[in-house]
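After this come two complexes, each holding subunit A, first together with subunit B and then together with subunit C.
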Partner chain A sequence: MARSRVITHPLSRRQILKGGAALGLGSAAALGLRPSWADPWGQTNAYAKGVEEGPEVALAIRRESLPIAGQQTHPISINGTSPGPLIRLKEGQDAVLRVTNLLDEPTSIHWHGLILPPGMDGVPGLSFAGIAPGETFTYRFPVRQNGTYWYHSHSGLQEQLGHAGPLVIDAAEREPFRYDREHVLLLTDWSFEDPMSVFRNLKTAEGYYNFQERTIADFFADVREKGFSATAEMRSMWAKMRMSSRDIADVTGSTYTYLLNGHSPQENWTALFKAGERIRLRVINGSAMSYFDVRIPGLKMTVVAADGQPIQPVPIDEFRIAVAETYDVLVMPEDDTAYTLFAESMDRSGYARATLAPREGMEAEIPERRQIADRGMEAMGAYGMAGMDHSGMAGMDHSGMEGMDHSNMQGMDHTSMQGMDHANMQGMDHSSMAGMSDERNGMKASGMLAAGAAQPGSRYDQAGIGIDPDERRMLVYRDLKAFTPWADRREPGRELELHLTGNMERYMWSFDDKKFSEVTGPIHFDKDERLRLILINDTMMEHPIHLHGMWMELENGQGELIPRKHTLNVKPGERVSALITADAEGSWAFHCHLLYHMDAGMFRVVKVS
Partner chain B sequence: MTINIPMTAAGAVLAMLTFSVAQAEDGYDAPAGWPSPVVEHNMAMALFDRLEYAVPDKGDEALVWDFQAWYGGDVNRVYLKSEGENVQGDGEDAEFESLELLYSRLVADFWELQGGIGYQGGVFSDDHAERTYGVVGLQGVMPYGIETDLALQVSDEGDVSASVEGEYDLRLTQRLYLQPRTEIAVAASDVEAFGVGEGLNSVRVGMRLGYEVTRRFAPYVGAYWEKQYGDTADLARASGDATEDTGVVAGVRLMF
Partner chain C sequence: MRKTLLALALGLTTTTTFAAGEHGGSHATASNADIDRTISFEAGDMWFDPENLDIAPGETIKFEIVNTGNLEHEFVIGDAEAQEAHRKMMQEMSGGHDDGGHGGHDMAEGEHGGNMPAVTIAKGETAELVWTAPENVDDLEYACNIPGHYEAGMSGNIDLQG
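Then we have the complex of A and B:
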């Protein structure tokens, strides 16, 4: 193992945890440790909600009364905690996970990001029948990967009740980076409302949770800043569309308490370190609906893995984590002082917070939250161009490309563009337009882009809404670069295009304008084919798109070294592509990982045969 | 009669709805008895857009309601809509200006096409003239966010009338809103019993200032102006009523 200190060695960890009885309390005390569930020291792979060490794990799912954010409430617990314990497996093991359902309704666990046999994927109706009340289902699968992942219910809206937890797989071989200590940071969004009533509020009253709408005061502020006609034109464009430019999150801090390892910002969960140590933070966004921007003021972070897969180190100040993504970052605090782990929700309606400190009871300053941003051109473009045919663009020749920016521009109102402020202009696709000429060279005779090339219409060099790129160095998808090429180097044999679609007013979400209930069959992949999946977001919301059973190699322009992911964030109006090797026979879920979007119908089945 | 017809129609429409939301599950090869991985839910909601006490300048004070409720899925829904009032001190019970049971179908992103039957008359009493009618309507949001309800009615006597309502929420703060509102009624023929004349009947314009204590509970105050035109105005004059009036209101917007 790469970890350099005795105290971090896996053996000592195992001795402490598995041989706990033999070692006795005295040994643990001698090492300065408290029981693992409460241990903030990290090196024992301690996690705030307990650890279940593989390869054999038993999990009991209950609905019980537990305190969250200091208030007694009724979440779903896994082995007594909510969110559930850290499950720790080792690459090469054959995992045996026995899940007992003590709820009064069916449940399930999906192992998010794990490549495993279709029957073990945990999606009721696709992998298995689900776990009936009182039943135990035994998941058995070989563990053939390593990294930071998570698990959650795939039944109804249970995930919103805390039915989720982190899953870490220790590498069989040396990882391409080293560290002295690690902490798992699981971000979740908790509501004291029943998930079904949250869903009903979304369905019956648009903007129910948005208390950051534009008001008359914003209008006058804009008039002062940009002049009357520019402001009036901009507002009129949004008003004509009958949409809100402040629609950044469907469910907000007005009902959510954002939790870090199950703890509210006030509870201030503390992760301990010793000055000079190199610390690995395994950050997981296990939220139902919330994107976060994560930073540690005063510390540079180095991203070393995305969605469990190692990437070439990227030094950054902040990263946006879409729902269901994971990022591993290294930090090296030199000083004997406290740092705030700050995860601000994308719509700025709240934050999760913990403290990284050399001792318990310390805290650092909590940064000011940024102001909510207004969506600009990019989201409007998505709306205005929804009807346009993008399909030809990828395969366009030179003349076609010239044609593209013209057609794009015609789709937009020139007069109103004068009304745009510069922040909004960032949303425009300068990047991809510039990028297009670069990619001409990479164009294949088939008319398809070369493997790994970024699609025109992608915005991989932008973090997204509400980010000032000049403020601090922010991770963007363009930065993700694998260490070595993935095994399958074939060019894609075909392209499959899917539009992300929706009706905000009705809270209907779908692929290609068809909800799951409206499609008659699965999306078909031929066994072992290599294909390119193109996702085009016609909506004005971000969507984290998750494919079960197979990796998606994100074509972010890194050529041979494109990263592979289980969840892809697609920004409003963006066109994103990924290469897939369809090597996993069976039926797999493919969906938006915003829980209520999925439940509203943004779900498909991919059948590989 | 007034109860039976709507109930039968409701039953029929509900049966249709249940049918149309049944899941298509072909091609997935899932063994029988496995659930669908995603289950859609029908929803229900009820809204008193206005439940207010009106104090007119000339006419009688009245308790006024504007109610709608729906049940169904994303595309097909059943609506129950009602507007009416109980004029205070006239010795008569409350009156439905309209009580409608509608089938509604989403025909465009922001628009529902609605059709069904309606009743106008007393609430559990014979105090008011009664009629039933068929109604076809279009409800939705116009560009610029104007909530619109257009309806065309044909009564059991063959009388044709139409109405349009529009309202807009202007956000002053996150909870305080100003809501201009207008209502226009026209008719193709005179129906004296209901004080309706041919042509433009009436225009009503109002403004309400509401405060959302929660999204479901918003007390408001407001004022309105209304005027009757043409034959309708003549009918009003003949029965000694004012043809133009203003008033103030206080009420609540309630959502369940």
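Then we have the complex of A and C:
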């Protein structure tokens, strides 16, 4: 196993070293402080909804009346809370998780990010039949990994009702970082509307929850800035694409209350610390539909793990967390004061908030929310601009843009395109541009890129829409770098391309233009083959793509040290690739983790045999 | 602070085992005479072992630091302020975004070498640092200031109150 190379310090050897150090010191007092990692049970495992410790855990799923954001409502609860309790397992355990369904419909729990036997994965109709009302299903699997994960229902839209919770696995051996205290931060998006009616609203009127559509006033403002013809042209362009440039999220703060550990911003859940401590924050995005930008004004954060996997530490000010991703960050508050944990929704329609404080009852300033951003060129690139008439765009020469081939770009005049973000243009084929030769050099004789190389068309150095990269240091995918190479170092034997497709207006979401209901069979992986999955986002929205049962090694340009993830964020127009070792025989779910996108058909079965 | 740094600088000689080997025994023997004790140190990903030290003022220590991690590490002694300044500098030099290497250490070596006792240790290597504890300070820190490493756990306190 690759991880054994990361952590190569069994206790016996460490004790020998300590002994040596003690002799050298001549004083045992220096060794009086036990390493904090050695005793995970002694650490503060603060989670607002309680903790269930493994290896044997019993969970009861109910629909009950509970208050959320101070209002009585009817969520799904797990052992009496919504979202559910923190499940805490230990690497090396044989977990036994008994889930009793007290709902009046079938349910399930999927252990998100865990590598386990296919029958224990919790996807109804694929891993098992689901859990019928009144029944108990016992999940049994060996715990062979560690880190920060989560669990949630994989039945219908139940996840939107709070059927989710954090899952933490304590490492059997020392982790590649050190901390004094930890807090789990689970982000969710709660709606007081019935999820089915949210879905109906999306299907009947795209933009139903989007109150940020451009208005006639914006139109005249644009005319002032850009001139009439350019403005009219941009408008008609968006109209032809059946999109609005302000479609950042399809379900927004107009129906969502964003929760942190089940608490609304007003309730101000508080995580405690002592000044000078190193604190590990395990941040999980358990939302149905919402991406967040997370920061703690006044504190630098150091990212030490992504999707439960350790990465080389990256000091940052803010990170974007896609739906279903997890990030572990360390913070060191030096002052005896309160800090705001601020998770702003990507579409800027709201935020989740908590306070990091030395005592209860404190709070710090809540930062101002940023303005909504317009989708720029990268989203248009997603739709393929061939055939669109750009002749009206004053001053622009797009004559060479047929098929998005920018071979003639040297002559392009962008001077009149203020307000459009060209930093994001890598989503298109720039193959003829000087400077692309580096990426060509990584090409193998087979015509495929070398393992670990970033695909042309990827934008791993960008966090995405609505972020000013000069404002603060933002985590980007390019930063993620493993400590050691993963076990399988083979070059991919083949490439599998999948397009992320959709029609916003009809709320149809799919892979390769086929909804799950329209496909004839599963995607086939040969057992133990090494392949490259290439995801091409043809839509103008972000999609968090999740593969069950196997890791995806994100080819972010870090060569042998590419990180492995369970969920990959693919930005509009972006081309993202991952290496997969198909070592898990069975049928596995593969889908967009935006709940309503998955339900609308952005879902496939991967069969490994 | 300046006074402290000066005291530290006076007590400083750094060698790597590589260098010690090349220069033969004479250099090492010369300093060995003044060494009060040797402390074996481990630099891993992302921690030091031991995590704290008690050292008497005026005591001359030879640190033997083995890097058992997968990444390059440094071992720097200084007060909290100087460590932080060094950390900031290395962060800035590494650039806003990752450039493939947790960079900046090459330049940093020269920079902090003038101020703080420091040694950089490649993965799998052992380095030595000889240092005499100052008489006039109570507390110092040791740290690895390669971006992210201090934050992830690579720091410890030196108690100099005897």
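As a convention for this text, the second predicted complex is superposed on the first by the 501 of 609 C-alpha atoms of A that agree within 3 Å, B and C clash if a C-alpha of one lies under 4 Å from a C-alpha of the other, contacts with A are read in each partner's own complex, and residues count from 1 in each chain.
The criterion applied here is as follows: a residue touches a chain if its C-beta (ideal position, glycine included) is under 8 Å from a C-beta of that chain, and two chains touch if they have at least 3 such contacts.
Everything quoted here is computed from the prediction, not taken from an experiment.
Novice: So, does A:Glu518 touch the first partner subunit B, the second partner subunit C, both, or neither?
Specialist: first
Novice: For A:Val605, using the defined touch cut-off, is the partner it touches subunit B, subunit C, both, or neither? Pick first, second, both or neither.
Specialist: first
Novice: If we overlay the two complexes on their shared chain A, which of subunit B and subunit C does A:Asn201 touch? Say first, second, both or neither.
Specialist: Touch status of A:Asn201: first partner only.
Novice: Could you look at A:Arg506 and tell me whether it touches subunit B, subunit C, both or neither (first, second, both, neither)?
Specialist: After superposition on chain A, A:Arg506 lies in contact with subunit B alone.
Novice: With the two structures laid over each other on chain A, which partner does A:Asp479 touch: subunit B (first), subunit C (second), both, or neither?
Specialist: second
Novice: One more residue to check, A:Thr148. First (subunit B), second (subunit C), both or neither?
Specialist: In the superposed model, A:Thr148 contacts neither subunit B nor subunit C.
Novice: Counting contacts the way the document defines them, which residues of subunit A are shared by the two interfaces, the one with subunit B and the one with subunit C?
Specialist: On subunit A, the subunit B and subunit C contacts do not overlap at all.
Novice: Tell me, which parts of subunit A touch subunit B in their complex?
Specialist: 106, 123-126, 128-130, 154, 156, 196, 199-201, 203-205, 208, 211-217, 236, 239-242, 503, 505-506, 508, 515-522, 587, 589, 591, 598-601, 603, 605, 607
Novice: Can you list the subunit B residues touching subunit A in their complex?
Specialist: 21, 23-24, 26-31, 33-41, 43, 45, 74, 106, 109-110, 141-145, 170-175, 215, 255
Novice: Please give the residue numbers of subunit A that touch subunit C in the complex, ascending.
Specialist: Residues 5-6, 8-9, 14, 17-18, 20-21, 24-27, 29-33, 35, 174, 176-179, 278, 300, 302, 304, 312-315, 330, 332, 461, 469, 473, 476, 478-479, 481, 483-484, 558.
Novice: For the complex, which residues does subunit C have touching subunit A?
Specialist: Spelled out, the residues of subunit C in touch with subunit A are 37-42, 44-47, 49-54, 68-71, 91, 96-98, 100, 102, 147-149, 151-154, 159.
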